[in-house]
Amino acid sequence: MLDESDNWGRWGHDDERGALNLLTPEVVAAAAGCVREGRVLELSLPIRGATSSPAPTTVPHLRGRPLPQHFMSVDGGDYAAGTRAVGAGLKMADDALVVTPHGTTTHMDALCHMWSGDRLYNGHSADRVRSYGAGRCGIDKAGPVVARGVLFDIPRLKGVPHLAVDDRIGPDELQACLDEAGVELRPGDVAVVRTGWPLVWQSEGPEGYWAGQPGLSADGGRWLAARDVCVVAADNAAIGGLNARQLADEDLADDLHMILLWRHGVYLAEMLWLEELAEAGRAEFLFVAAPLRIEGGTASPINPIAVL
Amino acid sequence: MLDESDNWGRWGHDDERGALNLLTPEVVAAAAGCVREGRVLELSLPIRGATSSPAPTTVPHLRGRPLPQHFMSVDGGDYAAGTRAVGAGLKMADDALVVTPHGTTTHMDALCHMWSGDRLYNGHSADRVRSYGAGRCGIDKAGPVVARGVLFDIPRLKGVPHLAVDDRIGPDELQACLDEAGVELRPGDVAVVRTGWPLVWQSEGPEGYWAGQPGLSADGGRWLAARDVCVVAADNAAIGGLNARQLADEDLADDLHMILLWRHGVYLAEMLWLEELAEAGRAEFLFVAAPLRIEGGTASPINPIAVL
Amino acid sequence: MLDESDNWGRWGHDDERGALNLLTPEVVAAAAGCVREGRVLELSLPIRGATSSPAPTTVPHLRGRPLPQHFMSVDGGDYAAGTRAVGAGLKMADDALVVTPHGTTTHMDALCHMWSGDRLYNGHSADRVRSYGAGRCGIDKAGPVVARGVLFDIPRLKGVPHLAVDDRIGPDELQACLDEAGVELRPGDVAVVRTGWPLVWQSEGPEGYWAGQPGLSADGGRWLAARDVCVVAADNAAIGGLNARQLADEDLADDLHMILLWRHGVYLAEMLWLEELAEAGRAEFLFVAAPLRIEGGTASPINPIAVL
Amino acid sequence: MLDESDNWGRWGHDDERGALNLLTPEVVAAAAGCVREGRVLELSLPIRGATSSPAPTTVPHLRGRPLPQHFMSVDGGDYAAGTRAVGAGLKMADDALVVTPHGTTTHMDALCHMWSGDRLYNGHSADRVRSYGAGRCGIDKAGPVVARGVLFDIPRLKGVPHLAVDDRIGPDELQACLDEAGVELRPGDVAVVRTGWPLVWQSEGPEGYWAGQPGLSADGGRWLAARDVCVVAADNAAIGGLNARQLADEDLADDLHMILLWRHGVYLAEMLWLEELAEAGRAEFLFVAAPLRIEGGTASPINPIAVL
């Protein structure tokens, strides 16, 4: 079994950046070389905030989470109702956003997001994660992801529109994707794993989406960690699968967040939208995601992009 | 004088994307070709949220704006106090962010952010900008910026650490930067304009920063618009200069937001941090900024990056 | 049919306080005289905020509304994790609340909350209700309610634990309550109307609660307005009944908000918890509710009390 | 010196309600008997929320605190701009409030707000105060305050418009107020202490207000605690005085929050507006404040009232 001691300390005693250390200038420059067509795809769900309408409930999300709220503090309606323009005629719209990323929208987890015992990734004390933010391993320590993305389109491999709720993706399927595409995974790559599960929100509604979720198996996670990916980015909500209570079923040793985030410092990007990318049929591309520099954040909403 | 009729309709009657239409696959692919070293720089200020401490007031911002608030809904302290781990031992930290981008942190304006009369950019009705979001020209219509960035390091050109509060940057200085660097501006470029003003927050404190701000002159803005940049990204708060009341002094015809955003659909990215980029001394690079897909948003906080 | 012209202007052209003008010192002093035992009952639902847990979803609320969020910015867990005490040993907990009153918790509507056409209550222009708050008829114009409360315990009258989803309370039932209790309704009273519907949340869960709601009939509303109550306070969500889509079925002339709030300036307090009050069996008491002075607010969360 | 052992346990081992236990039905009924004229006064500051304007900064508050934000999610402006009415013509305004009570507006502290060592009031473990709320001694445990209020108008006693920044109110001045008014303090009373300091915000602006604050001396606090008041309600920000860094100067044994809240379970209501009450010249009255039932809250914004 993989143990934290295998990986902690790999990038030094003080490291809070984990597998993103793999993104050396050489790796980044090589990733930029993956751009061929120059087509840019967004890989995120919309942030559908609202307050007096149930609009936010119409975007895939985990049940019971506080959904985004978006407020306009001045808008066109105010001018229609008589608000005076500024100075010689300037009018403006301004707004505010309240967002809780985990489970509600496309986001990247910080290394402080999950742990076991008293230690975060790399042995940092969990006691440093306090009400005023994570003093260790916050999302501000990550920095941007500029890397080669490799798509693992599992539904395409299996010839289905989306995985079934109980499907767990193992090493064989991951390897088969690479073989089919004729690409190999390299250190510093972003593994982009498609399950197609967001399509279930559209076809079967919230209850179908909440019935559970397909995802990586523990061995699938270990296989990716062993190949030194810097990020696993998936279109499901928790990288691993979920049961009908929206919880992972694995025990601690097999939990995907423990294997990837905690033991190996591999970042997790969740709730991506990968349908256009899947249609494009490109297995490798430039992947860019720049988390907001939220000091001590446990995550950041992101709009990851693929440049084909 | 440039008039809205010069540019509106250029990308079609329905266009809500403005100058980002210049980012054709060819332009994007060429921009990716600017990557030489593979070094990645973040160009944003930290988002220093807090609630019971004045921490957020220590990051440059316009006076009187609501500063970011960052809340932890479960953290290491809770476990230290006895919260039970989930299942077999999983612990987690979770958080929420409240953010009002304009004037408080690095962000990109949507085309709906400012207008005059009853029409947004391209003639869209300002009546569509309502309390539940902008139905036209919201930040969700922008899409990611993947472009060549060109640095206009005005303090370096003038041999000063930062511009003076009354400095207004005109075409001559912009051209001189290009000449010095031996680069030319091309359609679809991002003009990255450095004033050095955030250094004043550090050296003179909030009162110094709030005494006004240097920025582009109206002619400087027109010069950039005429060269078809897709974004103007600056380290000041409003692209143009500000007076001591933190307002633009120009009349409507000369207002930088009117010239760039409203007439030409040129996006504005404000409150960047450009010091490391200036030190790197590279005049052209790959610039990437991916606004969050906030439906109907007037802006998005961003963490723009330069890949050298 | 009652028309707005019957009542608007009653307290002057500029009035923004409506039926609370009935609370003259004499009426208030008489209300204080209703206190006999000195027992104090809270008539509100708890505000169960949370962010990373679904706790808020366990309190009665209308479907699809943004539920309260409660954040601790420093707490005991932080000290357990090592946060240093202030000065010689002081420790403190601090928090923040995000609340959208309508449909989520016990609250009192402002007179600006609903209207028809272009005019608020008393002819104030609806154009004054803007993104930065209601310039007319906001909750800050109400002032505190110190009045005699009269309980209309309809389930008790009918010998049922709670009303059925389609029950609409008319004048006969209201009068029968008074007759049974041997009290009469006086100008400036608060009519406290119990349906028992919150019990359905407990017995049948959210889906049962959302199946619709019992409430006042239009004639019941008119009957109360004609008797010059200053507030109608009920334990359902909208004073009138709701259908399964959580909307009122009445047309405009019969809509309870139109009849009471808009035409007569009678304030509405909704989502009260009246079970202990019902058990106490007292038909008249001192009723106090003091809305927060939220400038331009459309409502305020309240914790109304009955002093028996 | 007063020690926690003097008072803890007085109302039982499990007590979380502290001095509000003094509000027996007899005390409440007697308090209701203080109503003579029936005049109702609000004793709170306005909650001036806004987002795109500095309006909230114009109400007295402690420096560096997050000020209230008030958002309209639908308003009259939207209808002016074309939003369709609901059904047959109903229009509505809806809003949301973000509020951090301590230091920003009139509020009542929960017993969990401050402590020393590992124990809250009455020995409850501080470990129960976590990110998801205070499991012990939260504001939801307080219940409403319906009591006799006794005004200590210290500026009037001293013949000044407001106290000086360094004034500390001791037992002699408190007793002199009672003597002058010819009233005596009784168990369960609310001591309403006026310093007049909010007037400084108006006359000298924020900097004057922030130069420090007058307040109770430690002996003044002990004197009130010894007389079994249930609440001390003042128009300053922290009951005790503050220095120019907005901190209390007393050591732990003399800290007013420790003496009143922590040792004796006496609730603290802060940042009241007492000017109209002072003008009324009534020394005793019915005082009512009903904190919102925020589960686990460290405080609640309140709109306390005096019924004369």
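When the chains are written out, they are named A, B, C and D in that same order, and each has its own residue count from 1.
Just so it is clear, a residue touches a chain if its C-beta (ideal position, glycine included) is under 8 Å from a C-beta of that chain, and two chains touch if they have at least 3 such contacts.
If you're wondering where the values come from, they're calculated on a predicted model, not measured in any experiment.
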Chain-contact steps, minimal, separating chain D from chain A: 1
Interface sides of chain C and chain D: same vs different residues, half threshold: same
Centre distance in Å when chain C and chain D are each reduced to the mean of their C-alpha atoms: 24
Cα-centroid distance, chain B relative to chain C, in whole angstrom: 45
Residues of chain C whose C-beta touches two or more other chains: 50-53, 66, 69, 71-83, 92, 94-96, 98, 100, 102, 126-132
Category of the chain touch graph - line, ring, star, complete, other: complete
Residue numbers on chain D that touch chain A, as the complex places them: 50-53, 69, 71-83, 92, 94-96, 98, 131
Complex interface listing, chain D residues touching chain C: 23-30, 32-33, 35-40, 42, 44-53, 55, 66, 70-73, 75-77, 79-80, 85-102, 112-117, 120, 125-134, 140, 143-144, 146, 247-248, 251-252, 255, 257-258, 286, 288-299, 301-305, 307
In the complex, chain B residues that touch chain D: 51-54, 56-57, 63-67, 69, 72-75, 77-78, 81-83, 98, 100, 102, 126-132
